[in-house]
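What follows are several structures.
Each of the two complexes below includes chain A, the first together with chain B, the second together with chain C.
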Partner chain A sequence: MRRPDGLDKAGPRKSKDQRAELMLGALACIVLALIAGMIIFVFQKAWPSFSHNGLDWFSPWAGGNVDDQLTAIFESPADPSHYVYTMHAWPLLFATALITLTAVVIGTVFALLSAMFIVEFAPEALRRVLEPVVRLLAAVPSVIYGLIGILVVVHFFDQHLISQGSKDSVAGVVALNGFSWGVGALILTVMITPIMIAIVVDALRAVPTTWREGAVSLGINRWRALWTVSVRAARPAIVAAAVLATARALGEAIMLSMVTGSVGFAPNPLDGVIFFVEPARPLAATIVDNAEGLSVQPFAQTLYALAAVLLISAAFLSFAGWYIRRRLRAYTLSPI
Partner chain B sequence: MSTHASEGRRIATLRRRRFQPPRLPRPQLPRRERDLLKPEEMVAWSPLDRLGVAAAWFCGLLLIAISASIVIYMLVRGLQYLSITALFQHPVVLSTTQITGTAGGYLDPMEGTLILTTLGTLIALPIGVGIAVWLSEYGRPSWLARAVESGVEIVAGTPTIVLAIFGLLVFTQGVFGFLSFRAAGGAVFGRSFFIAGIMMSLIALPLIVGATREALQSIPAHVREASYALGKDKISTIRRVLLPASRKGIATGTTLGMGRIAGDTAIVVLLLGATPLQPLGNTPVLSTLRGTGSTLTSYVYNNSPAGEGNAPQKAYAAAFVLLMLVILMNFVVDLFSRKRSDTWAR
Partner chain C sequence: MSRTAARLLAVIAAVSLLAAVPAAAQAKKIITISGSTSVFPLETQLARAWIKTKKGKKYGFRILQGGSNVGISDVAHGRVSIGASSRDPAAGDPGGLVFTRIARDAICMITNNANQLGNINQATIKGIFVGPTITNWGSVPGATISGSIDPIGRAPTSGTHDAFKNIFLGGTNQGSFVAAKSSNGLVQQGVQSDPHAIGYVSLAFTQGVNTVAYNGVACTLRNAASFQYGGVRSFYFVTRGAPVGGVKKFINWVLHNNKANKIIATDWVPLH
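This part shows the complex of A and B:
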């Protein structure tokens, strides 16, 4: 039965109401247009760099020293028809992928175990300390991590972990002075783990207690109950946490520019243990390091190309996260 | 007479007895609780399970160790190099544009952080709340709502450095010349508190939208219906009932956003110029907002070995101030979330 006029589900309709809806909708549309404009602008600006290099831009076999290429682009003649655009960004892409993946993989495992500890195993007193600490760690600005990294961790690696012999072995190619992708990935792990822990803890808590009690009453131990019931039910949240952490890791510029050595070098896994202390420079850090050159037209276009890659990765990531979460949601009741 | 009286008393006693609740036998607890097997003693623990528990303990303790060492290290270094007088001194400009060097204090960066955080939050708050209200209460047509939702999610995932160079791209256009310095040739500098604040608001926006939406959605439908039943229309319901009820969520999101703004470096380095406060023009407030400046984050960055300054003592001290600021904000969020939840019954 219809309710009396003005009291149906949508609420009473008045012109003031419609105006408010229109205004709020317009606000949302403006912000949406701004975001779309951002993507279009960045791509438009980046296009010359992509079109001049074609697939060599991304190819691992294109060769060349990316830092020399950047310098050449920066010093290209003022005449627009003689702009230099040659850019083979593979070392930067590889460094980004390497650092991000390492940090996210280690961080996810670490965050999952820590969250399980907080939810299930930690004594009450410890738990009460840990929760605010995790939130605090998640809020520490990246520049503070960078400062600790550059003044403490890099120094420690240089003094105590890298032997003089290994420094000499690659002396002609690259300087091993502690500034390395390994340090970057290590600090990045510490940075992104608290974000993940916060999300996973919430998700583990949201699993109905009865589910786990049911499992325990069937005679399995606490760990098994947690692992097979709670963690499995919280999988969408774990994916969400990993996606969020990956986005943060991809976009981390300042801290990585401080500790990774800022050398456009692709660390070589065939080098053995030295691999972990070889310098590198991810995409976002490249933009920060070279921001002064933005007034040079072709150089700016090259930097916007790097930004476009980051933007696309971030958008793709959020889409992939949405898709995986949707697939996993079939196996759980908790909507996340 | 006396028999009557005693009879009456007897009946009264009986009546009282009849209305007394029946006495139940007390549940018999085992004499000693430790005589019982605990649930986890009754089940089997495989070595792998024990390893899992050990790993969880290890990770938890490692987490404590790492965070304690970071906080204690920053505390020691900060107190070692922090001087109260420097808090109120202007920095000394040594190199051409950037504030670095061992001399001078960090009054300007502190003011910069304050101005930028306030500005960014002031821009982001109304827009964020507006979008959240539209998404949660109206959301028609639904395809548009979904588009806005994914747009906000894309902003949340966009690296701040990309936002920064996008801001530079937009605000160096001639149209926006009134927002920043102009070079002699008429080129727009594209760096000012206004510009940095606008881009910073994009960082806080997703957090505010998310927290506000969550708060709005947790308000039961009957609250809205009660307001409609009193003859209020939808927008009045939102203004008078729903927004006051979701104040806590909005405050939490805003404070989180403020923390993110205060902690961001990339946008400051690119869009604020990392100079001492350099006002543009003579109007009291506008001149500062149109001028360039620096924040604690850019000050730390420029004074670290990565920047030009290489004055670690300054960097440590400023980082300590920044950390205290973040801890303070965290504490405020904690206060918000610890307050009693809203009054309607669940």
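This part shows the complex of A and C:
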């Protein structure tokens, strides 16, 4: 029997299309199975850490010092019934949120303005240089940013931005020597902005020219046409860019491990200006710094708990991004 | 598609056959080592020299890093023949392991070149790294700067942290305000860029910083070898049970051969 589209369904030779479809479907299924397996594996490993601490794992008021707790877990006795699990990870969670949010908020503003410039105002010659450079920057490995951070930025902060008086005022509590969440957030901003610029540029380009021409013909200038028509229409893509950038920022480990100070300290906004140069250590950097201890079972389970939190945050983030984009598409006219 | 795949398979098979032939012809026994990053440069040099000797010719090496604890866990699970450790045996280690000391290594206290601190004693180190009862360079005799002290240390999982704790701090853990870096190089870099910093590193990482004498003895290879310097730790080869076969031959060569001794003496302290 012949199908209306002319393709033989049960012929001796299946069409190449059908085989490709099967292959791709199988590949997609493998990826899904891998992700599911990974989540189950991580949570199964992490469970003892969560179950021993309950909500104290996440609570800002649980008390204790997270680095002392990590050391105690690492030095657990060999007997499984005496394993130490006490872990109050708030400083690490706070540092992660603080660094990520700061970088993404500043980065989004920069990326939006740069993309607008590249698409609408940059002279052709400049644009031809700018775009490849932005794409190149988006691909620079993070360890290179880390090296620049440690050799240049940290040193600059230490020498020129932190006074000896403020260093002395907190001596013995934290060391203000340039290694700080502020430097981490600054470099992270530089790392994620190019990704966002690349996405937003493509989105602004995709807005039909006629829309902007229509706006200009109504008598508003180029800047306002860009802002009120193109940027509005590209909002779903801007959200997508921010989500992608946040995901990269959340998972950034090497660079942050190198520049943020390696202390499980929660920077305190009430400290005034020195808040910005206080050290911290986010989740991913903690995992990298302590990976050597994976052979100690309770310590490994604690590290897996950190990983589980990162996994959940990333999943939640992409869900939130998808939801916001759907809302935006539902209520605005959008070409993307 | 299938034809391409078949061709690809054929190529892969051919390549792997080619690779397998010389390996099969020599039929070397492979000794695997994993573990401490501090021991890694030493063990690779030793292994390279040993496979050129008469006994060692029959053997090959596969050497991985990962840290002392990784090495100890790997050898306990039978994943490698030798675990390299830069820390002493601990109460929590799996049973049945034999630690064979192969060399010694000095841990030096370092400060920035702007701070030409000549000597530091154990009480002061404890005051800085545990207390913190000493938080200002003004109260450290011999310091050439004043102001806050920035202590830089290693993460609790590192062998160097363990050795520092046992030798310099008398068994107490460093305070949580001490920056916990993940490698010797990062500590060295941190001290190099911060005039107020003090840290501890393996002797091989003391270029570009001021090396401080401990309890009146300078941190040098010579003083470490003569046991005058107190901050000396041991490097171990860890085996499951007493070493046997090729592993035994290799460890014996490392312990007793003159050539091995010379290799150790380039950057580390031989046992005799």
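The rule is short, and it goes like this: the second predicted complex is superposed on the first by the 303 of 336 C-alpha atoms of A that agree within 3 Å, B and C clash if a C-alpha of one lies under 4 Å from a C-alpha of the other, contacts with A are read in each partner's own complex, and residues count from 1 in each chain.
Keep in mind that, in the parts below, contacts are C-beta pairs under 8 Å (C-beta built on N, C-alpha and C of every residue); 3 or more make two chains touch, one makes a residue touch a chain.
As the structure is a prediction and not an experimental result, all values here were calculated from the model.
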Looking at A:150 after the superposition, I want to know if it touches chain B, chain C, both of them or none. Which is it: first, second, both, neither?
both
Touching partner for A:258 - first (chain B), second (chain C), both, neither:
both
Is A:288 touching anything from chain B or chain C once the two structures are fitted on A? First, second, both or neither.
both
With both complexes superposed on chain A, which partner does A:65 reach: first (chain B), second (chain C), both or neither?
second
Looking at A:27, would you say it contacts chain B, chain C, both, or neither? Reply first, second, both or neither.
first
On the A-aligned overlay, A:315 touches which partner chain: chain B = first, chain C = second, or both, or neither?
first
Winner by number of chain A residues touched, once chain B and chain C are compared:
B
Applying the document's definition of touch, where does A:168 land relative to chain B and chain C: first, second, both, or neither?
second
Which superposed partner A:134 touches (first chain B, second chain C, both, neither):
first
Just to be sure I follow: which residues of chain A are touched by chain B in one complex and then by chain C in the other one?
16, 150-151, 257-258, 288, 291, 294
Residues on chain C engaged by chain A in the complex (per definition of touch)
1, 66-70, 72-74, 91-94, 131-132, 135-136, 147-152, 155-158, 173, 176-182, 186, 189-190, 193-194, 196-197
Once bound in the complex, which stretches of chain A touch chain C?
16, 19, 65-68, 70-71, 74-78, 150-151, 154-155, 158, 164, 167-168, 170-179, 257-258, 261-265, 279, 288-296, 299
Quick check: in the complex, which residue numbers of chain A touch chain B?
7, 10-14, 16-17, 20-21, 24-25, 27-29, 31-32, 35-36, 38-39, 41-42, 45, 110, 113-114, 116-118, 120-122, 126, 129-130, 132-137, 139-144, 146-148, 150-152, 190, 193, 197, 216, 219-224, 227, 244, 247, 250-254, 257-258, 284, 287-288, 291, 294, 303-304, 307, 310-311, 314-315, 317-318
State the interface residues of chain B toward chain A in the complex, per the touch definition above.
39-40, 42-45, 49-50, 52-53, 55-60, 62-64, 66-67, 70-71, 73-74, 127, 130-131, 133-135, 138, 140, 144-145, 147-148, 150-163, 165-166, 168-170, 205, 224, 228-229, 231-235, 237-238, 256, 259, 262-266, 269-270, 297, 300-301, 304-306, 312, 315-316, 319, 322-323, 326-327, 329-330, 333-334
